[in-house]
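In the part that follows, the structures are each spelled out as structure tokens.
What follows is chain A paired twice: with chain B in the first complex and chain C in the second.
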Partner chain A sequence: MTRTLILLRRRLIGSIFVLLIVVIGTFLLLESAPGDAVDAYIASTGGDAGMIELLRHRWGLDQSALTRLANYLWALLHLDLGQSVTFSRPIREVILQRLPNTLLLMGSATAVSFGLGSALGIYAGARPGSFRDRFLSIGSLAVYAVPGFWLGLVLIIVFAVDLRWFPIGGIESLASGKTGLDRAMDIASHLVLPVSALGFIYLALYLRMMRAGMAEVWRQDFVLAARAKGLSRRRIVLAHVARNALLPLVTMLGLQSAQMLGGSVVIESVFSVPGLGRLAQEAVAARDTPLLLGIILTSAVLVVIINLLVDIAYTVLDPRVGASEASA
Partner chain B sequence: MSDVTISRRTVLAGSASLLASTALPTIGLAQTPRKGGRLVVAADSEPRNLNSAIVASNGVFFISSKIVETLAEASFDGKDGLEPRLATGWEGAADGLSVTFKLREGVKWHDGKPFTSDDVAFSALQIWKPLQNLGRTVFKDLETVDTPDELTAVFKFAKPTPFQLIRNALPALSSVVPKHIYETGKIEENPANNAPVGTGPFKFAEHKPGEYYRLEKNADYWGKDQPYLDEIIYQVLPDRTSAASALEAEEIQLAAFSAVPLADLDRISKVPGLKVITKGYEGLTYQLVVEINHRRKELADLKVRQAIAHAIDKDFVVKTVFLGYAATATGPVPKNDPQFYTADVPTYAFDVAKANALLDEAGYSKGDDGKRFSLKLLPAPYFNETKQFGDYLRQALAAIGIDAQLVNNDSAAHIKAVYTDHAFDLAVGPPVFRGDPAISTTILVQSGIPDGVPFSNQGGYKNDELDALIAKASETLDTAARTELYKEFQKKVAADLPLINVAEWSFISVIRDTVGNVANNPRWAVSNWADTWLEG
Partner chain C sequence: MNPLRRFFRTPEAVAGAIILAALCAMALAAPLFFPGDPQAIAGPALLPPFQDWSLPLGTDRLGRDVLAELFHGARTSLAVGLAAAATALAVGAIVGTVAGFAGGGVDEVLMRITDAFQTVPSFLLALAFVSVVGPSLGVVVAAIALGAWTGPARVARAEVLSIRERDFVAGARVIGMHPLEIAFREVLPNALPPVLALSSVIVAAAILTEAALSFLGLGDPNRVTWGGMIAEGRAVLRTAPFLSIIPGVALVLTVLGVYLAGEGVVETTAVRRSLS
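Now for the complex of A and B:
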């Protein structure tokens, strides 16, 4: 237990610096993009010089970039994410509304890709070089090579437009008034296609990693020893070969969660899922700096938490990890 | 052959008088509209402010025009192209200093309070004139609004203001909002800006950001038996391909404003139950324009501008970029405008040889590499078609030895580059013609506009004659004389080419054939849909 706590403390201190760098970096990046929130706004409305000046003043854009950054950081210190000019609402509220959708989408997709990917990987890796191994490896590579949005569109055309098994998009039926289990089922049916599109692409990654790892482990001496001991093949595959090949997958899981947030921008747009990815895209187009910073901070915190969980999982899966700190 | 011609318009006018109703049948005999049903419509964006009195733009109107009404709406066959809404009559004084509106009786706001002339006075003086993107220009001389009784509003102007302009501005610029809701606090921060309260056939019910807007039937609507629909839902579909899929999957019934890309229309028109409709946008014409930075010495030369105009094959643009869903342009007023358009202007036929000759004459001969000079070309990113035309223009210019470098930006960056920084030589823009040249057209060529004003002359063009003509037209009260001045204006613009008008286009709707009373006015997508109905 103490091992985990030490890890936690070390990670938290590191994370604060990471987050600060992320915030300042994003701010400067968006600041150097041409055009500001008012330019983005008047692109759709038009307006005269007086109105433009009025808007710049009202949205605080007549202050210098440094003042705005300082104000933002000061507010952040008080855990205030500020006000979105795009939505005229507190940013915390806007993000909290979208976050569950992204988490649901990302979580399910990760579970599918990790679960199914490693299971298939074990199946393929149990007999490296066999027909089923070749088939799965090549098949998964083919899926991995497909761009996510294209897979999404194909799924929509086949399963939503032609077969009409699933809805084409959204997170739930519009203003349906459903509650409880009905609503959960409704959301689940809306998630099938986007989760498949997002999950299948990363599935290949886990499958191939698992398979490659197992192919490696098969050659180790302890596998020979296990065989000599007369263990069943099933036991050798699961308890000895697969478990040892699992560790890199867990590392991958942490890294990939960050990537999944990025991948969901595209999938969220294609499937009209109101999540964080789409919000980020809108924030950039509208040059809504505080909103984008809020989203990036949220994602960064999310990634930090997931990686922390991965580290903790590591200490459980592999007793060697963190042993030095515990004894110190 | 018989010389009796029956135009669509006369048939409609006849049936309208027979029915004595605003509900015109779209096909053949009138089917009896059914009550009830939920209409689901694709929306590609979520406007940050739904108050159409402040933001008079199509994105806002698309949703808010069902909730908040204007004094009058555009009409195919009403007098002066108008149909009464909150005002039942309007009359301009001969001296141009006042306009009297008679207001509709028995109209209630969605919260139950009565609608009166006070609301009109408040909207005009506190919102349209000081805050509205377009009203700040049109109503700049509005001084007071007298309210002799609850149903009369008299607009008083400090300077003579053409009644024709005020009339033409009514459909887009006259959204009336309730005084009792807006009189306390800052108008720009009023919560009703995101949950509007109006007098329209539908009430604002809810907005789930990123998912949908829901409007509910207003049971107390003033229109007899209207509205027919129980509910309208705007489903937010940000991806351009999803509107077409949603229509095919029968999840939505209408995709307006060309939400289905032009390239998909041919395929989708063959899907049983779906119709492609080009009508209903006549009052919302977009113009494809080449904006020119006259600060570049080459472009300040009229011969060079003429050469560029000759280098553009407008027919090809209409056929290839717009797939036929557009018309070629001759000048700054679109051909489909019933009041002002004149074809009697200098034209520039597609003629590469002539363009090359003009450039040689101007003294810009081809170098050894076949190039005369280089230009920076910035196509506006708002429409696929403006971007595609940018690609075409680059090739067309290459054919006459002008090397154009394309610079692609997103909206915010494009606005800043063109209208504030003037960091362009040529730009492709889509200005909107709003029924009267004085609303948003003359500003495209007029001089003396401060830096940073979008969709205005930021190319440094100055022509005293043209400025004088625009000024004269803005104070000419007689409709015929004013119209004549704007015809003169079109001739001058086409002759001197402060910008080059290439094409004019409107939008396309794709709709289920179960939806009735569609596209029955020139601003249908942004009108109130009180008479729209759904087959059971």
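Now for the complex of A and C:
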């Protein structure tokens, strides 16, 4: 356990630096945008020059960029992300309201793609060079080339418009009054298509990684030893080859989390899922820079947390990781 | 056996090369076959495909020729994909070389910046960048490159770390070459092969990102893009699904072609390396 803690402490310190760079970098990028929150507000409500001056002063926009960055960082320490102009509510509230939907979407897509992808990868990698191996490899390459948002549209055409198996969009039926299990089933049926659209490409990725990893492991001596020992083929495949090939997939789980968050922006827009990604698009459309900044920060923190979790999983799965640091 | 023949021995690589060649032909021939503005009205609105042979793939909501748009869209997709990938590879190779060769504080700072870029979802970054600077072809290229240079940077750095310990680098130092000259004329060229091996993945990702950006309406409004066509067709998804399906198929084929050809190249060079 100390091994995990030591590794975790080191990663946490590193992450804080990285997040600081993200905050400053994004702040400066969005700062260079023409027009500010007051312009956006006045454009939607109207108002005279005196009103503009007043708002600039009240929101602290008449100060220098450096002062505002300092103010922003100070507020951030208190977990205050500022006020959203578009929603007239604290940004933290808006984001926290949308976050669960994105987490649900991402979590389900990750679980499905990781589970199915690694299972199919084991199936393909159990007999390298066989027909099913070649078929799955080429098939997964083809899947890997399909853009998620387009797949989403095709799924809508087939399963929502033609077959009417699943709803066309949203996260749950509006004003259905469903509770408990009924509501969960309702949300699940809304999630089937977006999760497939988001997860399909990762399914292919995990399949390919698992297969490639197993092809490597097959060549190692301990597999020969296991065979010589007279272990059944099934046991060699599952307990020796697949198990060793699984580790890089866990690493990938952390690495692709940022990518998946980005992908969910488009998927949420296709399926009108009220999540973080759709919020980002709304922020862009409304030129709500503080909101966009808050969303980028939230996703960066999310990515850091996911990677920390992956690190913990890694030390549990592989006793070699971090062992040298713990003994030092 | 020469590398070209070895490349064409695997069926996957041949398929990839054919797709890419067809795509390049489409992109180059677009102004020949379809001179004039592809966004101009060419016939009745929402004509289904294969009805009228002067408009083989039909027309969209505004009566624009889908085939003409498809050809011109190939130009945008290829141009943006290649330019963004080239920028990302160049920036990544330079940053990685400087970080690996300089070491110490420079390395630490550059790598933390790389970490920061990898922590922010690259699509969100591209979205923010385009919304700040305004959509145009160059901005879209820069926005995509912004999220794609980190991979090449890491690979280049790892490679440079091992190359800088070799004898020829020590030799260059002894004859008094400037460190920058050593880094960029001696070390960088030798570190390039594994970085370039990433190019097919990066080109493919760049094409997909461009499509997603223009799907969300953040592409260059004066250019036809496949992503934009898909978004256009979305409004009539129930009645004319072909409008979204056709450009999507083109997109899938393009990306598939890039992957297949890329795998072929990697395999060819891997065989050559194991032979030598």
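The definition used in the following text is that the second predicted complex is superposed on the first by the 296 of 328 C-alpha atoms of A that agree within 3 Å, B and C clash if a C-alpha of one lies under 4 Å from a C-alpha of the other, contacts with A are read in each partner's own complex, and residues count from 1 in each chain.
The rule is simple: contacts are C-beta pairs under 8 Å (C-beta built on N, C-alpha and C of every residue); 3 or more make two chains touch, one makes a residue touch a chain.
On a predicted model such as this, the values are computed, not experimentally measured, just so you know.
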Touched partner set for A:170, first chain B, second chain C, both or neither: first
Partner chain in contact with A:156 - chain B first, chain C second, else both or neither: both
Which of chain B and chain C A:45 touches, first, second, both or neither: first
Chain B versus chain C as contact partner of A:292, first or second or both or neither: second
First, second, both or neither for A:77, with chain B first and chain C second: neither
Chain B versus chain C as contact partner of A:94, first or second or both or neither: first
Chain B versus chain C as contact partner of A:25, first or second or both or neither: second
A:138 touches, of chain B and chain C: first, second, both or neither? second
Chain B versus chain C as contact partner of A:272, first or second or both or neither: first
Shared contact residues on chain A - chain B and chain C: 33, 153, 156-157, 161, 269, 287
Interface residues, chain C side, partner chain A - complex: 12, 112-113, 115-116, 118-125, 127-129, 131-132, 204, 208, 211-212, 215-216, 218, 230, 234, 237-238, 241, 244-245, 248, 251-253, 255-256, 259-260, 263
Residue ranges of chain A touching chain C (in the complex, touch as defined): 14, 17-19, 21-22, 25-26, 29-30, 32-33, 138, 141-142, 144-147, 149-150, 153-154, 156-157, 161, 258-259, 261-263, 265-266, 269, 280-281, 284, 287, 292, 295-296, 299-300, 303-304
Complex contact set, residues of chain A against chain B: 33-37, 39-52, 58, 85-88, 94, 97-98, 153, 156-157, 160-161, 164, 167-171, 174-175, 269-272, 274-275, 278-279, 285-287
Contacting residues of chain B [partner chain A, same complex]: 40, 45, 47-49, 55, 57, 59, 131, 133-134, 136-137, 188-189, 193-194, 206, 208-212, 214, 231, 233, 235-239, 241-242, 245-246, 248-249, 251, 382, 409-417, 420, 440, 449-455
